[in-house]
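Okay, here's the structure, questions in a sec.
Read from first to last, the chains carry the letters A, B, C and D; within each, the first residue is number 1.
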Amino acid sequence: MAKLVFLGRLEDRAGCAEMAVTPGPLADILAGLDPALALDLLGERVRWALNGKLVGESEAMVLGEGDELAFLPPVSGG
Amino acid sequence: MAKLVFLGRLEDRAGCAEMAVTPGPLADILAGLDPALALDLLGERVRWALNGKLVGESEAMVLGEGDELAFLPPVSGG
Amino acid sequence: MTADVRLTDAAFDPAALLAAFTGQFGGAGGVVSFLGQVRDGGSDGDGVEALELRHYAPLTLPGMEALAATALTRWRLEGLLVIHRHGVMLPGDPIVMVAAAARHRREAFAATDFVMDHLKSDSWFWKREKTAAGWRWIEPRTQDFADRARW
Amino acid sequence: MTADVRLTDAAFDPAALLAAFTGQFGGAGGVVSFLGQVRDGGSDGDGVEALELRHYAPLTLPGMEALAATALTRWRLEGLLVIHRHGVMLPGDPIVMVAAAARHRREAFAATDFVMDHLKSDSWFWKREKTAAGWRWIEPRTQDFADRARW
């Protein structure tokens, strides 16, 4: 399995902090989510981290077994 | 008597922190001091305080009984 | 010199940490510290009962360490401490402490100020507050970006 | 609000003072502090064995109080502490601590920085240092005047 991680308010939108998903093209994974959540994850202020490293936000990404993709909304911390 | 107070390096010059002097015109009092010390007390970077308040540096001053005149060189503190 | 950078879910004692830090740097001459704590809402009636800071482990501590390293390259410091809580905190609880020791106090002030500005605007923390109305995520403050832009 | 301003010839405990100060201002959100201590000369070989600060009682504490009052008019603070030693101190001894509590950290930073700059350049203290060569009065530093001129 692969894993999606939702930070900040995205956790409330998703209803969970993490979600196990079937590996494969990200476009397919997003298509299986609630459309409103998928739209939020693709929002221009949301950054992505793949396996702990910031990456470009591309729907062309393919998640492999064990991959972790985190969705990071604007921070409000400190 | 009146009192002269020497702060900072002026204490070393005077050889004491305080000096009791006979009340009267300051010019007379200064004339009774070591001339090198008197010159230092009149230096342009030395400020004066009479009875705890800053005053203009004027040799025309007259010290009365119980007056305290302090000579304050540039500070180097804190 | 390396900075002492910590991310913790346990309460910390700012006075004890600062005393230990100051004791390490006897040659410093000056130590500047900033302590941020959860406001007790009493003063302005915002009624915050609790605050939670979430983080993303793979990014948050490495980001703090990179920020501290940047401060060490920009100012001549003898010591730098950065400690940040995550988890649920109550009014009055310490959230963050930054301390910088330097021979010249201007450098200690600038480094502490710089680290705080970037912790606020760039660090991977997400904050929510609990009031009588429940938990609510906090939006980034415009001021935080303005603060960061000073550097 | 009035500032807590003290001039003392006794050693003080910065950590305990700061903890007490911080505890008083739970609504503040942020506390900035500066601690100045006698450098231990080991690091640069200046070999200072002791430092003495003299003051002139009728002017020194009133001057510190006036400075604190000015800071209170310029920044929105919830609390301000200024404590300064005089007398003979040894390496590592605290000399001065300034702490400012504010809702907005920028104000706490600015007020602390301002008070320190003016304490250094304007306060009625005279400093001498003891080295192997004996006691020596310290000249004012040009940097102190430059620091004050920033305000």
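The rule is short, and it goes like this: contacts are C-beta pairs under 8 Å (C-beta built on N, C-alpha and C of every residue); 3 or more make two chains touch, one makes a residue touch a chain.
For clarity, every value in this text was computed on a predicted model and none was experimentally measured.
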Set of chains whose contacts include both chain C and chain B: D
Chain A and chain C: spacing of chain centres that average the CA atoms, whole Å: 28
Whole-Å separation of chain centres (CA-atom averages), chain C against chain D: 23
Whole-Å separation of chain centres (CA-atom averages), chain A against chain D: 51
Chain A and chain B, separation of their C-alpha mean positions in angstrom: 77
Where chain D touches two or more other chains at once, by residue number: 36, 116
Residues of chain A whose C-beta touches two or more other chains: none
Chains grouped in pairs wherever the two touch, ordered by label: A-C, B-D, C-D
Residues of chain D that touch chain B when the two form their complex: 36, 53-56, 58-59, 84, 95-96, 116, 119-128, 137-141
Residues on chain D engaged by chain C in the complex (per definition of touch): 14-16, 18-19, 22, 26-37, 39-44, 91-92, 103, 105-106, 108-109, 112-113, 116, 147
Complex contact set, residues of chain B against chain D: 5, 7-9, 11-12, 49, 51-54, 70, 72-78
